[in-house]
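For reference, the structures are reproduced in the following blocks.
In what comes next, chain A is part of two complexes: it sits with chain B in the first one and with chain C in the second one.
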Partner chain A sequence: MSELSYVGKSFRRKDGPDKVTGKAMYAQDVKLANTLIGRILRSPHPHARIVRIDTARARALPGVKAVITVEDTKGIKHGFVETPRYPPDQEVLARGKVVHVGEEIAAVAAVDQLTAQRALELIEIEYQPLPAVFEPEEAMQPGAPEIHRSHPKYEGPHANIGGNTETAWGDVEKGFAESDYVREDRFECQLRTHGYLEPQATLAHWENDKLNVWTSSMGSFVKRAKLAKTLDLPYSSVRIHKTYVGGTFGGKIDLYSHEYCAARLSMITGRPVQVVASREEIFSAYRHAQPLILEIKTGVKKDGTLVAQRIRAINNAGAYRGSGVVVIFLAWGFTMIPYRIPNLKYEGLSVYTNHTVRAPQRGHGAPKVRLAIESQLDMIAEALGIDPIAIRLRNARGPGERLPNGDDTHNCGLSDCIRLAAERSGFLDKFGRDRKSPPSGTIRRGIGIGVSAYMGGTLIYPNGSGVIVKMNDDGSAVVLTGAIDIGQGSETVISQIVAEELSIGMDDVRIISSDTDTTPQDIGAWISGMTYVTGNAARQAASNARDKLLQVAAEKMGVTVDQLVLKDKIVCHRLDPERRMTYREVIAHSVATRRGDTVIGEGYWRTMRDEANHPSLATTKGRWTENYAFSTQVAEVEVDIETGEARLVKALTVHDCGFPINPALVKGQIDGQISMALGHAFMEEVITKDGYTLNPNWLDYRMPTIHNMAISEDVDVITEQYRVGQPYRSKEVGEGLVSGILAAIANAVYDATGVRLHSTPFTAEKILGGLKRLQYQAKTARQAKTEPVRA
Partner chain B sequence: MLEANESTPVTAKRSQSQLISLCVNGEWREVAVKPRLTLVEVIRDSIGLTGTKASCESGACGACTVLLEDRPILACLTLAIECDGKRVQTVEGLAEGGKLSAIQDAFLDQGAVQCGFCTPGMLMSATALLRDCPKPSREEINKALEGNLCRCTGYNAIVDAVLQASGQGVEPVMK
Partner chain C sequence: MILLDFGYERAATLQQAAAWLARLGDGAHVLAGGTDLLPSLRAELVSPGVLVGLSGIEPEPPRLTADGSIRIDALTRLSSLAHAGLVREKLPMLADSALAVGSNQIREMATLGGNLCQETRCLYLNQRHDYQFAAPCFKRGGDCCHPFPRNDRQTCWSVHMSDIAPALIALGAELEILGGAGMRRIGAAELYTGSGLQPLSLGRAELVRAVIVPPPPPRSGWGFHKSTVRGGLEFGMAVIAVSLQLAEDGASCCGARIAVGAVRERPLRLESAERALVGARLDDERLARVAPDAAKALNPLPHHGFTRRHLLDNVAVYLRRALAQAAERARTGRA
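Up next, the complex of A and B:
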């Protein structure tokens, strides 16, 4: 194997210089002359009929150029999923009824912010409030206020069911009967939000029958598809331009009403229209993550072997389908991947409530599922007198295992991850130490472990990526890719791959990205597959150009291709390096002898070449991906037993992400996920009352600051190789690592205090309450012991 | 809530702008500003330097941090007219003659930049810190950057970047 020069190495970001000098253009930075300001009128009610809308006074206000309601749209619905079972369910503006606070009802375009704001105030709306419901288990009850009818194919008794997923393999009841130990638990989690720093922002300009759009997104081609559809335009009439994106974490995937409104208002006025959401709007009207309720029953043999598991997930899906039916499908996946469980039954319900619509958030259900399973596994281990490492090693999947959905675990490195995590953290030496012999003072330390696995590149529109590599006359290259850099470093990773395949420098690669008119289609930065899917497309495109260079050079030099090697923009004879041609010479020869062929390479990639496009959301049947990543994370926490306050001191992540194209970017993903998970564990919660957000800002929604840093160490269990000209597996590193660590933190809090927490966040109140209960139990146990037994 | 008088819409009013002078990144500029405009609006919209970011517009995230007379301030909470006659430095003013400053370089070397949206504000806070305190301790770094939120990096790489830029034995992790 030849030595690698560019992949597997930590190159600085390609977009770095622009980002540290202020040159990087985000959606809100794009300025066009004559731009109007768009603003959205939102529902003040969680559930109400719209009796009347009168926009006349707003339209009459000087400076107002357009006002739209649903009557000014074509009434074409859209949805996060659009399948025969789950057809699009949401209009771009409310029609006849609002179902959550903040739902978009009308939009205005005006000459400035204040005029636009004043116009919103002049729109008169008469509402007839309806009873509302916010908790999924209340919304499920027959007789609960009906937000939407239950899904026509749902056969159960519940109301407001937006969708359900049911699947099983083995015989779970038989499994429980054969188990030596069975326990049931219930876990809940809070409503969290993405916390992207860049606000949602869109600039749209309709000019010469063409809609030009700059918008903060996670995938330009998804945005184009949904905008074109709702505006009833051909795709060729909509161009999503490249912008840098200031964080997304799942929150900028779907079509948002403001994007449609900016476009429609521009089409009406013929002027550019910019809409920038305020932070308060983002907190109180935009999409947050999905709080799940998880009921879990698990049966094991005495030695800790998992025999049966039954899981029921209930999702508070908000007022439209959103990604609610996806999270209950994915939750199944996060259940089945890491451990061998012969009998498993899963039911997921997505329940409409009068909350804002939901989006994926990094991990898309995995943190909650892994918290439940990994917490319960520790409880089981303790009951059986097995240590947390042994029970995980006993059940961990190995390489080449067939998953219930037909997928293969390939070079799964999970057992190595568990072993290394235990070794590096000194787990078994530390575990239980403070519980066995409590130190003096009020600080208790604990250690906990969590396992997770995550899939990458699962098929969803547009299902694949294409890349074009154009050689320049001097041997440098321009890469056209639809990939969008949301901070993960896609432009850098793609450059490294192209540089490696072509043996040209990083500075020789120029990336043109994420523009629906000039770059090939791309899957987008939202199913953890860009480095794998777009990366392999880039590899293939560069490899295609490389083959052409070699053929032309071989022809000119009178040798065969396999006698040649490429090195630093030179093609030379393997045995006689003096026989050589520069890329410049090769390309000139190609133009001269191949009817002007300037050497252009093309590549494309899709996960699983022969599978149908979608696994079934309802039954989970159908393969998902060929790309599973595995991880084990260890948390060390400190808990003050006087105040109940806990903090993550140190996190260790041992992961199998396949082949790391850029180890420092991998590390950046890990550190960011540790930070996000500690926010999930200890700090963050969107607090709502009757559908209104009570803490719509960062002073009251506490996100980790620099004072909440944890030490983050990592070990990469590398299970794949990169070979020039060959497909590679990079697996996944951008989402899955928010999960095991959350469970590890919960297990570490238990290890420190004996307090088992069944809901996030792990607040001081909950920990203190748990400590008080333990004290009370200890006291009553002592009393019971000292009281004489009466005969 | 924004205020506007119903009988006299904003756009029908005569401009109430005032002319102010700002020395932005070493160049004096005259800008007509309405009294209600904040410094971040004037820097981004009137002067056209969009490197400074508007994120929360309530002083909670630090993305809009610029240096006013060498002190880091939140440009979203500062009225532009209060800055008349003063020196403002933004992220565009950090590189000199096309050469990145030590802290800009260190951010790239340490992987302290991901999405990049907090980066301009972070760099300005860090620049002010390093001017006052050439070898800051971790505590001093935490104190100086506590008002700047970052959602991508977990802050570890940012702290390392400040340590690298101040020559405290932290080596680049990226090349």
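Up next, the complex of A and C:
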């Protein structure tokens, strides 16, 4: 079968009608009788010893059903990373010491909100404040306040080192020595957060020795594993139910204290307990992304060929390990993937500070790393007199290249992406135009480019996805998948694949998803692998059911399987379409003749098949994935040179996502990432002082509105194909595209104004400051020319 | 979450509301549109014993009075104000300033009086303090100032961020205040005390009943600008409102009113800049000189992450542009 009917087409989202009519049930909408309200008591200190906790008065308050502190837990720790090198490091409630403002100390369950609030006020805690530290480079100094001991395997001189990554490829010092031009720069990023609209919310109900949980999440099986572990329950005693999810962007993976507390409070009271975080709590006590400091030194030949690059990343990792040690590992990846650099050296340090714990955020470090590398690449190109397109084409990786980690770039489409991006945007015609001949008025336009690459489906628990396709008597199908639709459209994509493989309609596919008791295990929606990993599992499951249908039909019709084709719930003879059986007839025949076989297909998938190695976070050894997506993005900005105000006017994304199963969903991912990048570039910042969050609301944490959104165009460079019955390769498209465009915006601001910014956000104040410095430099240069040289 | 442990009375008339306020004392608060009060309740910045609701009182539509002034009921919703034909036609600056507030949903609820009487703001003041900066600041009855730790003057350097107040001041509007002692009339600028602790000059049981705006004089023009980061759904980093009147020669300035909001505890009138313009020709050169001086005279408070330096730079540019636009409107007679 050559023509595709479902895959590769922009089908309407399965969850669309429920969401736009308000019928979709989110965790907060699930109601059970006699539900108690849970609330969390949080630390008012960034760093303090807990001398005494007295909950007696809170317990005595009428309407309070339970109060817990760490003494009411089993003391089992959890962590974003749980490996021998990085064992779990965080208790579910603080023990003996708090290390950030908002850290969870106690939890109450009461009959209503007001009582719960009163109960929190009645808990007495005596603190002994300790000196706190918030900047990573201060926290690293010997003698800085110790938040936690440095990692036992870290041998360097610094304090508060939660973990480090070191790796090299080639000989970087030799590379610098052989370079014609070397430059060093430093880049910094602000603290940003995910901005999911649905708050963190959990309902837990302990009933008949079973814990039922509805929680806003991005991976049901990760939640189950961590809840079961910290509660010391078998996995079979914990069931995470499906709910709709109102956005995550990386911020809802891992275990959160409130989820444990809801569960524990329900186990104590025997009643359902609901905890819903307020927006202020999410901003001031929950997890944000990771601000990185990047020091980058690069050496090139005169023609722009990259010879050597050394990068040092310092992560302000917050008060527990969180994903801090992962981002410094991944930052290496975002360094080494897109360009061919023979000599590389990388060091990453994850530094404890008295900030809230960190989580991945869409791109998990890539936007910051690519901003640094791509900004510096433009500076190098300018110094060498090469244009930004030529220097990128010169260094871009091609197909079938071996990466330092042993992975293969396969059908890498990067060069095509760069060429197409330059062509479609008219890059070289526009580049430098307003700097060479400034137009009248105060608006300057600039264009910039950025390149990025991202890996999909890298191995981390639970590593693989299973899918079951059950045929119904009438030929329609029910798909059981652990995949969680967080808004990216996984249920739509899986339905398209199953419809294609089985040749049934989209409406014939019903999805039962993300319920840990009824659906197979799934990797979750957080490592950019669902369309590839779960999608291939779904393809295999549907294919498995199709093979059974074909065998039964072939037997009954007295032909061989290869003489048959499937079309619209009918099996027919390839040459004589009148010889046919409906699926209904085939399934009835299967039940009748195969001891009741109702036709169930099974499928499963894992990145890199059975490759044993997980990559080491510390040394980067070990393979990551067989899927790398490459992209090139172009930004056009306008800057008012009197006020410094800048805006993104137009974005172009040219990307190689393999094969787009649903082009409209791909487009949605691109537009969403453009919007996130422009928030990063111009607006968003979690402002903190002494560990307190100064803007814990949507008003003062400024995410872009629809009116800020720029024109977003995109082009697919399709490097893979989908064939029914064959494994397919789709690549990442959900988080890698925040990066190139962020770098492109930085480069475009430079192109418009001549101002090179080394830190985000690019506020009007910073741009104006840069313009003033340029004016001053021009003035002093003029004066130097006209004044005689002093003896 | 708002802790719903207060009483609620729904007033049928403004007089009844004023009477309740007088009787109930400091524990009572007025609830009109609620877009400013509800977040303050949530932040526990106010903890009223009783809320006196005004939603049962139907506002009168804006009307022309005998002397040509326009009278606008304080309970007018901002969306009605922004779209009222009379206001759009006669007072386009006022309509634009109303349109600059919040978002459509907010403007559908918020009232004119509520916008003028809104709480002052700083990044510390307007949020819950249960574990964030547990120590209360001066305005919350405590003994410190979080944004300005060296502020030992028992005062509050929060800013008043109304978008509409500067426009009203620039238009020379007056306010009708209803209280126990009957009605009084004050200039729009007199509503504000300049103290962050007690920003309003209203007595305990007083309410703003109406806004009266005189008709713009002949050969006059206006300029309005709200500086923001994302262009909507936010308070201004600075709000600039300008009215200029040209003399009969059509070139020199015979009247100027300039107000800037969101940079101090009250909207400020820039009288020295007004004096520098009156009698002068409104050419680009003069505007380019007056605007930066005026900005400096503002002495803005750094607020919401904006530095004093940047506020000065921003106001200097946008004040010049607003003045130029007002002069252009005055010259051409186009709104």
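As a convention for this text, the second predicted complex is superposed on the first by the 786 of 791 C-alpha atoms of A that agree within 3 Å, B and C clash if a C-alpha of one lies under 4 Å from a C-alpha of the other, contacts with A are read in each partner's own complex, and residues count from 1 in each chain.
Here is the rule we use: a residue touches a chain if its C-beta (ideal position, glycine included) is under 8 Å from a C-beta of that chain, and two chains touch if they have at least 3 such contacts.
All figures in this text were calculated on a predicted structure; none of them were measured in a lab.
By the document's definition of touching, both partners, chain B and chain C, reach A:L114. In the superposition on chain A, no contact is made by A:G363 with either chain B or chain C.
Which of chain B and chain C touches more residues of chain A: that partner is B.
Applying the stated contact rule after C-alpha superposition, one finds that A:F11 touches chain B and leaves chain C untouched. Within the superposed three-chain model, A:D29 lies in touch with chain B and out of touch with chain C [touch as defined at top].
In the superposed pair of complexes, A:L699 makes contact with chain B and with chain C alike.
Once the two complexes are laid over each other on the shared chain, residue contacts for A:G163 go to neither chain B nor chain C.
Within the superposed three-chain model, A:G672 lies in touch with chain B and out of touch with chain C [touch as defined at top].
Applying the stated contact rule after C-alpha superposition, one finds that A:H707 touches each of chain B and chain C.
Shared-chain residue A:S278: touches chain B and chain C both.
Shared interface residues of chain A (contacting chain B in one complex, chain C in the other): 113-114, 117, 278, 697-699, 704-705, 707.
Residue ranges on chain C touching chain A, taken from their complex, read 1, 3-5, 123-124, 127-128, 130-134, 146, 229-235, 304-307, 309-310, 313-314, 317-318. Chain A contributes residues 42-44, 101-102, 113-114, 117, 120, 278, 280, 284-285, 642-644, 682-683, 685, 687, 689, 692-700, 702, 704-705, 707-708, 763-765, 768 to its touches with chain C in the complex.
Those residues of chain A whose C-beta lies close enough to touch chain B in the complex are 9-13, 15-26, 28-29, 31, 61-63, 110-115, 117-118, 121, 194-199, 244-247, 249, 276, 278-279, 486-489, 664-665, 667-668, 671-676, 697-699, 703-707, 709-712.
Touching chain A in their complex are the following residues of chain B: 2, 4, 6, 9-12, 44-45, 48-58, 60-61, 63, 90-92, 94-95, 100, 104, 107-109, 111, 113-120, 123, 141-142, 145-146, 148-159, 173-175.
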